[in-house]
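What follows is a set of notes on a single structure, which appears directly below.
Naming follows writing order (A, B and C), and every chain is counted from residue 1.
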Amino acid sequence: MTAMTVTTTTTEAPAVATRKLSYVKAFNEGLAQAMREDENVFVAGEDVAGYGGVFRMFDNLLDEFGPRRMIDTPISEAALVGLGVGAAARGLRPVVDLMFMDFIGVCLDQIVNQAAKMKYMFGGALSVPLTITTASGAGLGAAAQHSQSLEAWLAHVPGLKVVMPSDAYTAKGLTVAAIRDDNPVVVMLNKVLLGSTGEVPEEIYGIPLGQAHTARQGSDVTVIALGRMVGEALAAADELAAEGVEIEVIDPRTVQPLDTETMFASVRRTNRVLVVHEAVTFGGLGAEIAAQIQDVVFDYLDAPVLRIGAPFSPVPFSPVLEKAYVPDRARIAQGCRRLLERS
Amino acid sequence: MAQRASTASKKSPQAGSQAGPQISPLVIKDLHERMVRIRLFETEAGKLMEAGKLPGFLHLYVGQEAVAAGVMAALRDDDQITSTHRGHGHAVAKGVGFREMYAELYGRVTGACLGRGGSMHINDLTRGMLGANGIVGAGVPIAVGAAFAARYKGEDNVAVTFFGDGATNIGAWHEGANMAAILGLPVIFVCENNGYAEFTPQSAHMLITDVADRAAAYGMPSVIVDGMDAVAVHRAAAEAVERARSGAGPMMIEAKTYRFFDHQGVKGLRHPYRSDEEVAEWKTRDPIDLIEARAVADGTATRTELDDVWQRTRDEIAAAIAYAEASPLPDPADLLLNVYSG
Amino acid sequence: MTDVAVEVLLPKIGLTMQEGTIDEWLVSTGAAVAEGDALLRLATDKVDVDVEAEAGGLFHPVVPAGVTLPAGALIGWLLAEGEQPPDPGGTPMPAGSGSSAATAAEPAPTGGAAGATAVPDLGGGAGTGVLPALTGTGEGLGAAAVPSAVGAGCRLLASPNARRVAAAADIDVTAVRGTGRGGRIVSEDVEEFLAALPDIPIALAPPGGTPTSPLVRKLAKERDIDLSAVNGTGPGGRIRRSDLDAVTPAPVRRNAAAPQPGDVIPLTGMRGTIARRMHASLQEMAQLTHGYEVRMDAVVSLRDRLKEEWADSTLAVPSLGDFLLKAAALALREHPLLNATVREDGIHLLDGIHLGFAVAVPGGLMVPVIEDAVTLSLPEIARRSKALAQAAREGRISPAQLEGATFTVTSLGGYGVDFFTPVINPGNVAILGVGRLRDGVEWVDDRPLRTRVLTLSLTFDHRAVDGAPAAEYLRTVGELLSKPLRLLV
């Protein structure tokens, strides 16, 4: 098997100084820089100003930007997102924070029926440059109402964009790009990754939305991994490399719009593909990706597209159950071996 | 006439046609013309629908004209409104053109939404019309956001959100009311209480008689006005707008009014959820009849002048319908137009 | 014209034919044919023949070209004007090949256009999906337990990519042995199969820019078609067989590049190399040749049994040549004297057993090398020998792949030669010639018993090897061939 191992996290980074920064600080820095860049950017949400966000996502922003641009709101997600929609329709660039992604259930109308459709139904008369930030994912023992990855719900809605930062570099770059984008964008930060560190450029940069990133090149299996699963896939790739198997890891970064061309090109070379995400397998992005792959590059497949996701159950609380629930590097490696199995 | 202040309100302005400062004849004529424009737009739309010319739903505003006219006459073009599924009246009163409205009802590419929205999504940003809305109560938080944007940008425009009695049972309404109040935003909450949530009478969907009582829960003053009296509505709206523009925060107006047509379309075909007697009684207080009688009585306008308004409007509407019917249909090749920006 | 549907069955050519491959339909679907018109070209393990229609009618094939079927299989219909092919459900297509083939419960696809690359559904009813195990299992039969690409539902399991690669190469994917999960044929299987296409001693076009399959190149050469002048209609401009027909219809087969009287063939290049090396070999060494008849019954019956047992599968059956290569290598381990080289200071016995094998190529022959052949399983030897042969014929072989042989095997059996005197490759001390597989006679008491035999021709360098050790080597080879199960591993 051809050995071509390039692990990168900063390939698009401009040639400037980088330093190690945590995922949450990278997000915070990108947000602060975007606020400095554009006076129309403000942040509204529960405990975002005075407290700095329950995950310290908004630390120190009140000090710099003051209460005019850092707004603590009541626990009213529908009104919060609606405030963002109305303000965006009137030319501002709101960043509204939903704290936990699970809470979108109480404001889906404003996201799905209002923010996403406004431009379309208004005949293009306006744009809704709204950014919704939220923390997703299991792994912290937060149980079923505070641990979900619901990207498939949102990616299903025309008019929305959805990004899933997989490391510190993307946490900053995708957040900046989301704020600069003229559409409603949901930024799905991952709770487990908040403290993880990576090289992050000091200056402001946006990562193009809708462009997948090949996090590792390989010739044997394409692994398409969302959010936190990118790191797990890279770890699985290291493990498999020791067995002489070269895994290509694709990080879509944006799940809506989805860069399928990068996936198709990879599958044409590897002929085997695995999609992994934290969300439940049924009806997840893996189903969409698998469908598109069979539609376009069916004739290049040597094995059925394999999906790895969570079982069809709420996220369990007890750590032993939660560990069994969330896909990990071992399951990814096992899936790759299964795809490559020959007698 | 139901006029009273909400007892729990911080401020309880009295508003009515017989009280307060003198209303200028120009305002009377303005209110009349706005109402006539709504009435004729809606009755013609109803005919077109019954003739099978219009696709989709049609929630007609006939009977409630005094509310839209009274409020809109108190607003500037840069003041923002969010409307409801029964939004034609608001759009017409805010100054949206007949041509793009009819064209939209016809699903033509020349429509207000390029044929993408239909009756429930007519908007005109140049007139501060932030859109009708197909989701009950959804416009409330959006108006809060529009008001937030005005204050953020240092502008003095206000936002008005229209809703029915039924919408005050939905969470977004309460969240929006509280949010506007706590942030002190220039939002005017206008409840058009026509007594029915679709086909359900108010007594069957809430235990209180006056929706305005709900404002108190958010520390918001409120006023109840005769929703068939455009002048009364206008006086209340003018005060609320002035108050909001001055930075004193949101306020609620409950206008008791009535829907002459059915929830959808002109005439209900099924469940007789209200009696003919009730409809007939409300029609004796037709808001246009009321203002015309008043105008003629106090010498503000002659009958001929009023008739001219009707005729002029009829002509304009005939031309607008002809325009809509002659307009091209959207090209299916452009199906994905405006799903995203950029 | 017929007035009732006439079945077209795969004919049995000769006594031993068990299966044949429809190389090509010679008439298109729905075409009117007269009795005696050529319907198809049939490839068997012995010959390629044109099969004629036994009646007239409108021809409707029921299987695509490229499939391999047992003799007697229904392959098409001759119909009257306006007549429909009979309900395929009522006339099931025999599944797979071999006498143990199950009766199909599912209808076979009908009306497949000639040349279609679709793979037929090798239909079969419940209970037929389990492959019969090899009876009398002996040592080294592990390979036979490999799952077949025909799954429990008797549907051919081939990945889309395998089908694509097979179609692009113009081969029948059902001929490939599946090694993927659950026995699925995957693209690697096809690539390995392609690399191991059987020897066809016919000149091929040199590798060039025009994308074609090996088969198309072969046909083009046969028909004297310049591929660069052919308009390819396949994916990516690939030239299909039908594109060749557009240029030169109704090909008449003949050997390509046959030298004509009056030609002068220069002793340069490969021709010159062969001339120099063979002459040097005979000048330098003391060469003599033993003839030795070996019984091939066991190999033939094992191979027949494998063919039968694996009929419903896509497992590739090793050729006789593969058995010979394996036996030659194993015997060398017991007789290291024949795996040697003579230098000035003496006879050097060599560490590795690297088998060279002669391949006829345009204008001469080449001897690609299978390194460490003694350590390789029979399937692996088969795979490598075929890959190397293919590479040699296509001019893709690298010099490194032609170097380092410690012993050589060469065969003229395909040309009907029984005994010959092969010339030792310089640097070796022996070369094993393989003759024609033929019938022999063994007397059991007074009764003659037909046997299968061939003659081995071992040329050895008497400077290094004496006559007796050479004979012992041959005897070992013969013993291995008489008990061939151990060759399988």
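Note that in this section a contact is a pair of C-beta atoms (placed from the backbone, for glycine too) under 8 Å apart; a residue touches a chain by one contact, two chains touch by 3 or more.
The structure displayed is predicted, hence computed values, not measured ones.
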Contact graph of the chains (line, ring, star, complete, other): line
Highest C-beta pair count, chain pair: A-B
Subunit A and subunit C, separation of their C-alpha mean positions in angstrom: 54
Separation of subunit B from subunit C, taking each centre as the mean of its C-alpha atoms, in whole Å: 85
Distance between the centres, which are taken as Cα means, of subunit B and subunit A, whole angstrom: 41
Contact footprint of subunit B on subunit A as seen in their complex: 42, 68, 71, 73-74, 76-92, 94, 106, 109-110, 113-114, 118-129, 158-159, 161, 181-183
Touching residues (chain side subunit C, partner subunit A) in the complex: 146-147, 159-164, 179-181, 183-184, 186-188
Complex contacts: residues of subunit B adjacent to subunit A: 80, 82, 111-117, 121, 123-125, 130-131, 133-135, 138, 140-150, 152-153, 159, 171-172, 175-176, 178-179, 182-183, 337-342
Residues of subunit A defined as touching subunit C within the complex: 271, 298-303, 338-339, 341-343
